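Below, chain A partners chain B and then partners chain C, in two separate complexes.
On to the complex of A and B.
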C-alpha cells in the first residue's frame, strides 16, 4: 500500500498572496508526521493528498489504497448532523458508546455546534477513528484537545497496525510514536527519513527534542514516554 | 484586580476568585468551563448570579479585546486591513488616526504581509494572527484569548507571547492546552467540572498536578 507523489504542486490563490508547495515522494504504510509553519500549505497539501483538491500539476497515485479519510483541521466544517446523536449516526456509529467514551453523555440532543471546540474535536475524532481506513489523513488532530485526550488519541493512533496515517501538525508536546518525519521547508515537502535517524535533521523539531539531541540523548521516538526515557538516561 | 464573586452560570460555580494584573493562563479538561469563564470576563455572557468586576467596572464598561477559539467566528470583513481597522471604525476614530494605528498594529503583530489578503484565503493560524491584531488595535486594558495557540506553530506561539508582553495590556487571560505556555504565565487557574480547583503561580499549581498529563513535559524531563 503506497501513496505516490510525483511533481505535485499544491497551490492557493491567484493574486498577490499566492503560493505553492512542491511535493515528491512516497508515503508507505506506517505513521508519517508532516510539520511546517503557519501558512506553509499543510492544509492545502492534506486536501490534495485526500483528493479534495486537484494539484496545479503533477500526480497523486494510490497503490492498493481502497479507502481514504481526511479529518479537517476545523471539526466544525465536517459536521452534518443537527444533533450530536444525528452526528454520530451519520458516521454509522453507536451514539451511546461514542458519547460515553467522549464524556458527552446527556448531550445527545444538543447541536454539535453548541459544544466547545475541544469537545467537538473529541466527538469528531471518536466517530472518525471508530472505522478503519487504508489512508487516514489528519489535519491538526490535536488542536484544542485537552492533555488527557491528546494522549488517548495518540495511543489510539499508535495502535493502528495497517494502512498509511499522515499527521499534519504543529503540535509541540504530545505525539504518537511515528515512523517517518516530513516537513515543508521553503515551499517544498521534504522527507527527513525514519525516526529516530530523522530527528537531528528535523528543522521543526520541538524545543524539548532539540535540547535532548544537544545533550547527546537521542530519543527512540517522540511519544512523551520516549522523551522522558531519553531525558532520564545517565 | 479582576474580582469574581459568588458566580453562577450554567455549570460554572466560582465563590471567590481574584485575577491580578499580568498574564493568567486557564487550563483544564475540555468542557470544564474555561471558555464560559472567559466569555463572562468579556461581558459577552452575563452571570446568572454573582459578579465579575474589572477594577470597579463591569466587563461591558471596560475596553476588552477578545479572540474566539473558532477562527472563523472572529471575522466580519473581507480583507485583513478592514478587519483590523474595524474596532476603531466602530468607535468612530478618524480615518487618519485609524490608518496610523492599523499600520502600527500590523507591524507589531508581524502581519504586514497579509494586509491586502482576503481573510477567506488565510490559513487557520493566519486568521488567528489577524484576530489578535484586531483585538489589540484599540489598546484594550483586558485581552482575552481562547486557545489561540492551538492554531499556531512554535515560532508564532513564542511571537504571540512576546507581543503580549510588548503590548503593555494590563490583564491578559488566555486558555491554553499547551502546558509549556501556561508555565510561562504569572498565574495559572486549573478548572475542572465548572470549579476552579487550583490557582496561583505556575510552580505552585503544577506541583499539585504532578503525575497528570497536565504537568509540563519539559518539567517531567528535568526531574
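On to the complex of A and C.
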C-alpha cells in the first residue's frame, strides 16, 4: 500500500501573496507526520492527497489504497446529522459507545453544533477513528483539544497497525508514535526519514526534542512516553 | 470599472432598467458584455447556473399560469448578470468609502461598514459551502432532505458565530458608531464613457415607456 507523489504542485491563487507547495515522494504504510508553519499549505496539500483537489501539476497515484478519509481541521464542516445520535449513525458507528468514550452521554438528542468546538472535535475524531481506512489524513487533529484529550487521540493513533496515516500539524507538544517525519520548508515537502534518525534533521522539531538532542539524548520516538524516557536517561 | 460610485450607480440604474423593460434588459446585458471586464462567468459559473435554474423554474410557473415567463426570465437574468459583475469587481473597503462619501461619517460609515462586512461574509459563506461539499464527498452520503437541511444549518451557524465574534471584537475595541475616513476614488475615462452609455440606455427605456403610456392614454 503506497501513496506516490510525482512533481505535485498544490497551489492557492495566482496573484501576489499566494503560494504553492511542491511535493515529491512516497508515503508507505505507517504513521507520517507532516509539520510546517501556519499558512505553509498543509491544508491544501492534505486535500490534494485525499483526492479532493486537483493539483496544479504532477500526479498523485494510489497503490493498493481502497478507502480514503480526511479529517478537516474544522469539524463542523463534516457534520451531516441533525442530532448527535444521527451524526454517529452517519459515520456508521454505535452512538452509545462513542458518546461514552467521549464523555458526551446524555447529549444524544442535542444538535452537534450546540457542542463546543472541542467537544465536537472529540466526537468527530472518535467517530472517524472507529474505522480502518487504508489512507487516513488528519488535518490539525489536535486543534481545539485539551492536553488529556490530545494524549488519548495520540494513543489511539499509535495503535493503528495497518494503512497509511498522515498527520498534518504544527503541534509542538503532544504527538503519537510516528514512523516518518516530513516537513514543508520553503514551499517544498521534504522527507526527513524514519524516526529516530529523522529527528536531528527536523527543522520544526519541538523545543523539548531539540533540547534532548543537544544534551545527547536522542529519544526513540516523539510520543510523550518516549520523551520522558529520554529525559530521564542517565 | 474603477470608481465604486459610478459602478454602484450604473448597477442600480441598469438593474431598474432591466426590471422595467425587456428592451432595457437586453440593452443592459449588451452593456455588461462590452464594459464588464472583470465579469468572469467561468469563475462564478456554478452560482450563475444555479440562479438561472432557480429563475427558470419561476419563469416556467409564470408561463403556465398565463404570464410572460420568457420576458421575466430575460429581465431577471440581466439583473443577476449585473449582480455578478458588481460582486466580481468589488474590492475590500469600497463600500465603506462609498458610504462615507454618500452619507457622511456617522450614518454613512455605519452603512458602509455593514455593507463591507456583508460582502466579506458572502466570501466566507462561499468558502464554507465549498468545504462542506468536499466533506460530503468524503462521507459519500446520499442526497436527501436531511442532508440539505444540515448543510444549511452549518452555513447559518458559522455565519452567526462569525457575526458574534466580529460584534464582540468591535465592542472590545470600543466601537460605538461612525468613524473618520477620507474617501478617495479613481475615475478613468472608460468609467465615464460606460456610465454615460448606461445613462443613455436608461433614458431610452424611460422615453420608450412614456411613448407607451401616451399611446394607451
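In the analysis below, the second predicted complex is superposed on the first by the 234 of 234 C-alpha atoms of A that agree within 3 Å, B and C clash if a C-alpha of one lies under 4 Å from a C-alpha of the other, contacts with A are read in each partner's own complex, and residues count from 1 in each chain.
Operating definition for what follows: a contact is a pair of C-beta atoms (placed from the backbone, for glycine too) under 8 Å apart; a residue touches a chain by one contact, two chains touch by 3 or more.
From a predicted model like this one, the values you see are computed outputs, not experimental measurements.
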Superposed partners chain B and chain C on chain A - clash or fit: clash
Chain C versus chain B, contacts on chain A by residue: B
Which of chain B and chain C A:68 touches, first, second, both or neither: second
Touched partner set for A:130, first chain B, second chain C, both or neither: neither
First (chain B), second (chain C), both or neither touched by A:208: first
Which of chain B and chain C A:228 touches, first, second, both or neither: first
First (chain B), second (chain C), both or neither touched by A:140: first
Touching partner for A:111 - first (chain B), second (chain C), both, neither: second
First (chain B), second (chain C), both or neither touched by A:76: both
Which superposed partner A:122 touches (first chain B, second chain C, both, neither): first
Partner chain in contact with A:28 - chain B first, chain C second, else both or neither: neither
Clashing chain B stretch [against chain C; choices 2-10, 20-28 or 92-100]: 92-100
On chain A, positions contacted by chain B and by chain C: 74, 76
Parts of chain B lying in touch with chain A, wherever the complex brings them together: 28-31, 34-35, 69-72, 114, 116-118, 121-126, 129, 147, 150-157, 177-180, 212-214, 217-218, 220-222
Chain C to chain A touching residues, read off their complex: 128, 131-132, 134-139, 141, 146-147, 149-150, 153-154, 157-158
Contact set on chain A toward chain C in their complex: 47, 50, 52, 68-70, 72, 74, 76-82, 86, 90-91, 111, 113
Complex contacts: residues of chain A adjacent to chain B: 12-13, 16-17, 35-39, 42-43, 73-74, 76, 103-104, 115-119, 121-122, 140, 143-151, 170, 172-174, 204, 206-208, 211-212, 224, 227-228, 230-232
